[in-house]
Amino acid sequence: MGRRSLDTIFAALGSFLLVYITLPITSMILLQAGDLGSLESTLRDPEVISALENSVITATVTALLAIVLGVPLGYVLARKEFRGKDLVQGMVDVPIVIPHSVVGIALLTTFSSSILDNYLGIIAAMLFVSASFTVNAARDRFASIDERLEHVARTLGASKWRTFTTVTFPLSLPAILSGAIMTWARAISEVGALLVVAYYPKTAQILVLDYFEEFGLSASRPVAVLLVLMSLSVFVALRWSLARGSEGR
Amino acid sequence: MLEVQRVGKRWKEFELRDVSFRIERREYFVLVGPSGAGKTLLLEIIAGIRRPDEGRIVIGGKDVTDLPPEERGVSYVPQSYALFPHMSVLDNITYGLRIRGMSRSEAEKKATGLVRTLGIEHLLNRKPHCISAGEQQRVALARALVVEPILILLDEPFANLDMRIKSRLMSEMKRWREELGFTALHVTHSFEEVMVLGDKLGVLLHGRLRRWGKIGDVISDPGDEDVAKFLGYENVLEGMAEDGCLRVGELNVILPFTVSGKVRVCFRPEDVLLSVERIDSSARNQFKGRITEMEDLGPLFRITVDLDNDIVVRSYVTKASVLEMGLREGSKVYVSIKASSLKVF
Amino acid sequence: MGRRSLDTIFAALGSFLLVYITLPITSMILLQAGDLGSLESTLRDPEVISALENSVITATVTALLAIVLGVPLGYVLARKEFRGKDLVQGMVDVPIVIPHSVVGIALLTTFSSSILDNYLGIIAAMLFVSASFTVNAARDRFASIDERLEHVARTLGASKWRTFTTVTFPLSLPAILSGAIMTWARAISEVGALLVVAYYPKTAQILVLDYFEEFGLSASRPVAVLLVLMSLSVFVALRWSLARGSEGR
Amino acid sequence: MLEVQRVGKRWKEFELRDVSFRIERREYFVLVGPSGAGKTLLLEIIAGIRRPDEGRIVIGGKDVTDLPPEERGVSYVPQSYALFPHMSVLDNITYGLRIRGMSRSEAEKKATGLVRTLGIEHLLNRKPHCISAGEQQRVALARALVVEPILILLDEPFANLDMRIKSRLMSEMKRWREELGFTALHVTHSFEEVMVLGDKLGVLLHGRLRRWGKIGDVISDPGDEDVAKFLGYENVLEGMAEDGCLRVGELNVILPFTVSGKVRVCFRPEDVLLSVERIDSSARNQFKGRITEMEDLGPLFRITVDLDNDIVVRSYVTKASVLEMGLREGSKVYVSIKASSLKVF
């Protein structure tokens, strides 16, 4: 009869994809673990350190900008009804589908040399491709908050502002931070748009490419491993805090 | 205190039309209606959360129709209470005071008496999701009352509670109400809550306030058939109870339980037995009266009997019995009510 | 009092982000619309045509692979309870946070020359970064299907397989296709990993970069506009069919 | 037909313990219990959707505990019906036949009679979300019955319907059941469905099947207090109705409505009036009997009166009445029941 065959085949197909996703990352890390010397010397390379710094600083600024600009947009999308709301929601998601090199061309076409090869350019490219994570996270959370909490606060004497700052925002903060961390991770993963807009100041994700092209695979690997460990630890911390947060409810 | 003047509003699938009523100071007004009648929408309009399409809301003599909720002095307790999940019980209760600029310690001092009256001293440091539904209800009530509102709006405050807790909390609500003397508009679909708590009763059906007034008045004269059907209990007596007896005017009604004080007693028309002669049976309450109205409901007659002192009792009697006993308007009859079929509130 | 100030400020901040996202794309397209000649000549450039073909073919193969491998995984994640399920779900989302250049390094480290500069390499890189869209879309849809539909089918005589093919899969197909289209769009947007793994055969997103570096901004713009119009039309079609689908329910 | 043998299962917050009962061919078994009692879980175990932790399920003499749902020959109609939303009504109905390899035209032919009986011919080309809840229920029933199951499992089939449609569909279900002669296990929390439809009754409380058997037997002897309380209606008479009269053995009970055929009549103990002498009143049904049991419930007595022919009636009487009339076990009394307080099923 083979009535468990569906489960078995699905588990097999699903496992294939899982292995495909995890194998490259782990094998790269494990390979590097066998060569701690080069990892250590990479960590002493001032070019690498400065590139990592550039990556972290620009991604962090991007995440903060995404909060300042994205949370209000998420609130409007969650709470207000207006004509063209679907269109606006569509526009928020557009950056996900634009080829990264095209993002760079479009930004450069629009803002020209003011963003060419400077920090502003890095942040501009990162914000474009990553802001939607924060907007969508904030929107989903705002939409899930019982509006009656806000109504009660209003009847108890709080203005719209006080209601937002004392009730809505504190309740949404964990979700907004999760979204911002996704924005951070997406920002630090960007390469294609940076190649066009801001090859310099050099970020770590560009440096990986640089080393690969100049010195080959094994030279680029230590930087790649450092970068992936950083991204993964942020990601794991995010998952963990999310899981804890949902337990607390 | 509160005047609702010809309020109309369409919102989602709900619609209110031409709703007008008044609540006086310290009155407890219960608005009943089936789900979907627009009860919550009406509360939200009074609280200022939604604007009416037409009509005015006047609170304490002031037209507040254009004021935002925070300037109306009306507290709102939504169904399921909407306690702030990120604040402790104490912070929930003092929220309204602190938002008005009162210091934390001052606010906590001010809340002390109310917290004691409501019996929630032991919960103050807990988070709302760690207390029971009955406790949540009391905390929500404290949060709403501590700001000394002109009026408190209660949306189905007993709907989330299971039967046993519900009846206990209802009688406590009655006590708090007497002790604290607040003015309340309470919406519900449960007739029991009307009987236990209400001074006045309004009946909202399909977005229209079909009838409102003193409870006894509304029940004994529902105005139209829909309201009468919705109310169900057609016989209500009100009086002072003592030693298992209820004095209503000059009548003595024997009760199935020992209660005392001012109570209401309800019973269904099908529990009222009519007879031409005095009968000797297990029905303890037997009164003389005169038939004033006979209504043909098909297989049954709905017969209205006037006892002494304007007390009116309705009975359902089968056609065959009516013929056999020769009942007609003006007939003198004995009315028997089994004490065990009385519902006491 | 300014009691509408919250709404106003939020609308302003939100609009800023919307403008920031839409302005570069539209201004690039509008600028190109003023120069239809170069767009036309680009469309006759055999290198461009072959690059566009390469992009579309590899992205399409990637989307199909994502369906074959991702749908079973989504089903297992939606329907089965097992130890480590949270971990598996986390692994599915890992590719979103890995810097794209690192993805290329990791893939090349693992599969070495077998994926270097060939179609397999392009597809390998694309699948890695984009499969999670299909997995998550399938999982969410499967999770939202009332299990009682499957129970009824079983009691009416359908095996697990027949239940899946006649009830679960047909009901999920629109959502799975949406996910696959997101996978397609994400695949065609990838640049960083391709630069490492498969610069050749040249895809359009790489060609944009190529033209930019060799001939400058204005030379790369026509290809960028073609690519963005392609991505956007797919995205709009997706949104539209999604909206229609949810109306039908 | 169906034998459930000592089934136990823990699942989520539900737990079944030591559940055993039997359903015979063409029987309609109604299992009642409050929500959370584990009724749906029991159906899912019988259908094969979940495995019991212990116990066996035997269907048509064959132990099916280890068989998957598709090999059990049991149809399942879940609450809210679970019609396949992507198929037309006709494709829903013929799904089970086509999955067995029958051609589409053959399957449609086979379904014709059932479709006509259930009165859903006009819906066949529609999608499930375009028909009403009452129509959905009939389609789900057709889909379940067309495969000629050994047994059909119905989970709260009337829960999603509004009151008026509900009572009409219940009487139609009764007719279909007689016409099509299927064997059914129907779970519900509504006692009305038991009275209208059931041959046998099971009472599931907190995961245990506390009592099962013929409806009259279970009601007149609930076995323990929880079951009695849950059942509520303590007086049930069953007989043949004609011309507004119900014949129960040698008794003639006058009914408030004109019905005919086999019916059941229920009434509450508080609607039964006891008297020492025959009384002349609007109570049309008056019978002689003897008190066999008096139970002290505090303010009330629960008095059991044996009429002729083993017919037993229970009445609630206040203590004062008992003293006044001098009632005791063995007393001869008259039992009066107002026709208007009878509930007819």
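Letters A, B, C and D name the chains as they come in the text, with residue numbers starting at 1 for each one.
The rule is short, and it goes like this: contacts are C-beta pairs under 8 Å (C-beta built on N, C-alpha and C of every residue); 3 or more make two chains touch, one makes a residue touch a chain.
All of these numbers come straight from a predicted model, not from anything done at the bench.
Asks: Would you kindly tell me how far, in whole Å, the mean C-alpha position of chain C lies from that of chain A?
Replies: 16
Asks: Taking each chain's centre as its mean C-alpha position, how far apart are chain B and chain D in Å?
Replies: Result: the chain centres lie 35 Å from each other.
Asks: Roughly how far is chain B from chain C, centre to centre by C-alpha average, rounded to an integer in Å?
Replies: About 58 Å, centre to centre.
Asks: Can you list every residue of chain D that touches 2 or more other chains, as numbers and ranges?
Replies: 68
Asks: Indicate the residues of chain A shared as contacts by at least two other chains.
Replies: Residue numbers touching two or more other chains: 3, 159-160.
Asks: Could you draw the chains as nodes, link the ones that touch, and say if you get a line, ring, star, complete or other?
Replies: The chain contacts form a single closed ring, each chain touching exactly two others.
Asks: For each chain, which other chains does it touch, given as pairs?
Replies: A-B, A-C, B-D, C-D
Asks: What part of chain B is in contact with chain A in the complex they form?
Replies: Going through chain B, the ones touching chain A are 44, 47-49, 68-70, 72, 74-78, 80, 82, 84-86, 95-96, 99-100, 129, 143-144, 147.
Asks: Residues of chain A touching chain B in their complex?
Replies: So the residues of chain A touching chain B come out as 146, 148-149, 151-160, 162, 166-167, 170-171, 249.
Asks: Residue numbers of chain B touching chain D in their complex, please.
Replies: 254, 256-258, 270-271, 273-277, 279-284, 299-300, 315-318, 320-322, 325, 336, 338-341
Asks: Considering the complex alone, what residue numbers of chain A touch chain C?
Replies: On the chain A side, the touching residues are 3-7, 9-14, 16-18, 20-25, 27-28, 31, 68-70, 72-73, 75-77, 80, 86, 88, 90-111, 127-128, 131, 135, 159-161, 164, 182, 185-186, 188-193, 195-196, 204-206, 208-209, 212, 217, 220-221, 224, 227-228, 231-232, 234-236, 239, 243.
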